[in-house]
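Scrolling down, you'll hit the structures one after another.
First chain A sits with chain B, and in the next complex the same chain sits with chain C.
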Partner chain A sequence: MADINIAKAPPASAVLPFYATGSLAFCALCLLLFLSPASLTTHYFNPHLLAIVHTAALGWGTMIIFGAAHQLLPVICQEDLFSPGMATFSWYTLTSGAFLLIWSFWNMWVGWIMITGGSLVILSAIMYLINVLCTSRICKKYTLQKLFLVTSGCWLLFTTIAGLLLAINLAFPFFSKNHLDILKLHAHAGLAGWFLQLITGVSSKLVPMFLLGKSSKEQLLKYAYALQNAGMALFLLDGYFMGVGNRVIIYIILVLTGSICWILYLYDAYKHRVRKKTDTQMKHTFISMICLVCSFALLPLVYYFPDSHQWALLYGTLLFMGWVTGIILGKTFKTLPFIVWNGHYKNLSGKIKVPLPKQLYNEGLIVWQFRLYIAALILLSAGVITRNLFVIRIALGIWLAVAAVYIYNVLKILMHKTTVPQ
Partner chain B sequence: MQINGQTKISDIIKANKAGIDAIVGVAKPLERLKNPILRKVMASRVTLTEAAKMGGCKVQHLADALAPLGFVFEDTGAPGQAVKQRPVWLENVSGWDITFFDVRPVIENGADPLKEILHRFKEVDEGKIFCIINSFVPTPLIHLLEQEKAEDSFVDQATDTAFYTYFLKKKKANAVAVGPHRDKKIIMDDEPAFQAICANYADGKRKEIDVRHLEMPGPMETILAELEILPDNMALFVHHKRVPLYLLEEISDRNIEVHIRQIGEGNVKMLLFKPPK
Partner chain C sequence: MSSPSENEDVDQKMKAQQALYQVIDPELFVNVIDLGLIYEIEFKGNDIIEVLMTLSTPHCPMGDAITNGVKNVLEAEFPGRNVKINLTFNPPWSFEMLTPSGREQLGV
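Up next, the complex of A and B:
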């Protein structure tokens, strides 16, 4: 007999500020890109692009993930959130830290502002990790999904520490190694350690839940975990001690194989699903997965043609604007309306007709968001490959439209007033 | 066996397998009945009269062919299908506004088009028209769609082998209502209201399930499965841990009324039923 432990939903202050800030950061991201299209045509190590990438990774990706994780941890772990206070506190540190960091990158102010920003971000990663560890109680009740969540939290902490060291190194050089090599390790700890493993863990729990499809091939997830982590750890050790060299292909293959195992697991759940309707939110996820696969395919080009910056830029574009953004654009409307609905309607009673969560936002606009997102992504990729500033500008204009549509709906949900018809 | 114009081919075959050869022998177009897959699809859907039309012969010819096998034909005359006037909703409609689906190739290939028909009909906008082109009148389909999904239907025989069956898709019951609370029947009740509605479905008329011990998505799967088999006049009473929002969205396009009573944290009772007409 399964236990009937009921996890309470965390207070709104542990979740909603992250969504609000994250969606604003997405607008800021599109705006910064629009203001600096030329940064997508030169070497990736340039002030504007550093600011843009950190807006995407911290302000947008990590911010929304924190909010969603605080909401979903109790669902996945069947336990109350360990500390809502820490969750709220991590919002303050992440928001202020990301802001300082982005601002100082944009102006290339190396020094204490950048270092303070980095430190604040580390603080929020620590809070988050403690919350994940203590809510999951992974030592007492182990599941593979919890393991992914905890491990990805550790990778986030590692990434932010490496990032802080890089920021210090910019102001007070102390590395004996090449700064750009360490930057590669930092970036990939963030991408393949934090984002990839978090998304693997959460999606392997939520996608079967949304689709009502079970997969019995849990073994695939074990392989995914082992391969992704082995690939990442070896890449970091080898990259740090020997420098990033030809063996990188081995590590790419390891992480790639791990990711394929995970995608096969999701596909198996999809094949056995009960819900046959595929909604627009799910379609977002599908496109984002294609972006992930494409970026893997690009890695050899990035490695063997380091002088053609566009491959590295396209790689980053696909990962941040395609993969991470795609998932969030869709999943926002699979989580946020439900959270807000619970806040407004759960405790009402007295013969009251209530709306559905999907009626808290404009469903038609989601379809447009999806179309614009695909158009923007394709045009931006084309512009980056051909280094055509004109195409990049048009693409970034469409990205602004995507951001406008997205934030309109997010704000509509957040500002929803309880409507009770007479 | 007594047969008439309305007797299904499948009934004849069931009574005597030799009936197939007898029917097939009458007219060449009927030869497709020899193919077991086609027969499976068509025989249960086609009456003797319709078979005669398909074969381009008279019902009497078929009756004569079947007589040696012991089938006694009773001429009941026309099956009461007075020529129906072309309905108003089909007047002044341009072809662009109609979704056509020619199922003849599907049937010729031995497949059953029903699933695809239902799928395509689902895609058609409310109040719009869907047209099936078939080599016979798809009577069971008309009954099926008119039960719930279609407002009205009309059959137009273009040629001997082409029947155009038009369906007018129903608009949602209360789409006329305005405001954010149209088309849904989700009601958060207080205790007296919930008791009152439950009283309508006393013990014999409701099925009770407890999904509190199930891990997600178990509760939703269980409830959806129960709703599938729930008779129209019965209600489903559910003990749940929380208000199941994903379930409510999933069933929002079905005609199901949901009453929710949140007794406390982790204790929710629900009553789901099809509202009486």
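Up next, the complex of A and C:
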């Protein structure tokens, strides 16, 4: 074999449990929403909605991202994963921590169970960050994607620490500031620091790879990095020391401009793609981007009409159920089948006729997943804006169908048995 | 005029190339020849085949599967020979390396 090091895929235990747990958490998320539709019609600070948001952010989004990142870090950093053991251990802490937090929020048990959950989540963020830092430290080639990954890991740690302090403050109040103001900072550090920057970094590597496209406008990613981080850092500093005021618009514009630079980079890669046919998985990504842009457009309404709770709820709906969920629903089937296929057929390729990765799941169901996802998202948004419980219930029923279709395909891939023709 | 040994070498390379049409990139569903991943095939003596090849991206997640496929196919086609894969990214793979058939398969 050549002297060039082809990074070895990490063991399945560092990746697959995250996908399995994440897909179960998505089902739990849709179920919790279905059980508590009224929580989408009142102020966002209510026990059920706190549980739902943490199921979305930790159990679903962060869980799948950890699994995908452990697999993709070697691709992005061109180096083996630093510690697969640490990756596996972070699954135990993230799963148990998220479960404790969600359970405590649902029942509003403030105290040591919630604090323990928060601490376990911090431990996961630390292990993840160590893996990212140590894998990318030995990286021979400097890339912007690496920078996004490292920075997003730092934002995750910051977010989880702020979250733990909030959990402690609920049980043993010690903040001199308003709890809800700190909650806003915690939520946005997670959304614009962790999710946005991780998705920016990973997508700027994977989308051109999947489309067989390329962009020569790397400069746009540099602007995206600088603007997103400057906007977030200024928002947090100003928000903490001076309180969230009118200057928030400046920070929104900074983060928005950074995000537009990133979207323009992806569009350039799309324009210069070799593969002209866009598959359903990539269409999920397209819709998720629209949701992100719409959520930015909603921010002035959220800020200037704080008493109309539906704008804040719609903002959260578009971010969690539209943007994060959309990108994961599509990308799962761009990564998981290949990870599982590699484990089963890597050494058999060329020896016998082996199935293709896309044959490990039901492709037709992905089309249905996409249609149901769009219907569920539009109806849920309409229900939230109009505060119509009937529409919300129908939308949540469709979300359950999305979850059922998604988990069927994920389990089909995970439970695949090597097929060798006789 | 070419010597018999040169003719034999050309025949063997043709045979190897033909066999490599069976190795498919699992993500792109196109074989490695039409993708332009194979740069050179060299028969050294009676027991070694050296393949100089690339991947569509460095650290391609499917890299192992593709290089294993090339090795397995050539070992089956030329029993008793040791197949050595030399991976290079110089020059890096680019769209221009696709054959006309590869372009057609990708819908370019």
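We take it that the second predicted complex is superposed on the first by the 412 of 422 C-alpha atoms of A that agree within 3 Å, B and C clash if a C-alpha of one lies under 4 Å from a C-alpha of the other, contacts with A are read in each partner's own complex, and residues count from 1 in each chain.
Just so it is clear, a residue touches a chain if its C-beta (ideal position, glycine included) is under 8 Å from a C-beta of that chain, and two chains touch if they have at least 3 such contacts.
Source: prediction; values computed, not measured.
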Combined model on chain A where chain B meets chain C, clash or fit: clash
Which of chain B and chain C A:74 touches, first, second, both or neither: second
First, second, both or neither for A:419, with chain B first and chain C second: first
Contacts of A:44 with chain B and chain C, given as first, second, both or neither: neither
First, second, both or neither for A:34, with chain B first and chain C second: neither
Touching partner for A:359 - first (chain B), second (chain C), both, neither: first
First (chain B), second (chain C), both or neither touched by A:212: both
Contacts of A:303 with chain B and chain C, given as first, second, both or neither: neither
First (chain B), second (chain C), both or neither touched by A:341: both
Common interface residues of chain A - those touching chain B in one complex and chain C in the other: 1-2, 4, 6, 8, 75, 209, 212, 274-275, 338, 341-342, 345-351, 356-357
Chain A - residues contacting chain B, complex: 1-4, 6, 8, 75, 208-210, 212, 274-275, 338, 341-342, 345-359, 419, 421
Touch list for chain A against partner chain C, complex: 1-2, 4, 6-9, 71-72, 74-75, 78, 209, 212, 274-277, 338-339, 341-342, 345-351, 356-357
Interfacial residue positions of chain C with respect to chain A in the complex: 22-24, 26-29, 55-73, 76, 84-89, 95, 98, 103, 106-108
Interfacial residue positions of chain B with respect to chain A in the complex: 179-181, 184-191, 193, 212-217, 220-221, 224, 241-243, 245-246, 248-250, 252, 261-262, 265-266
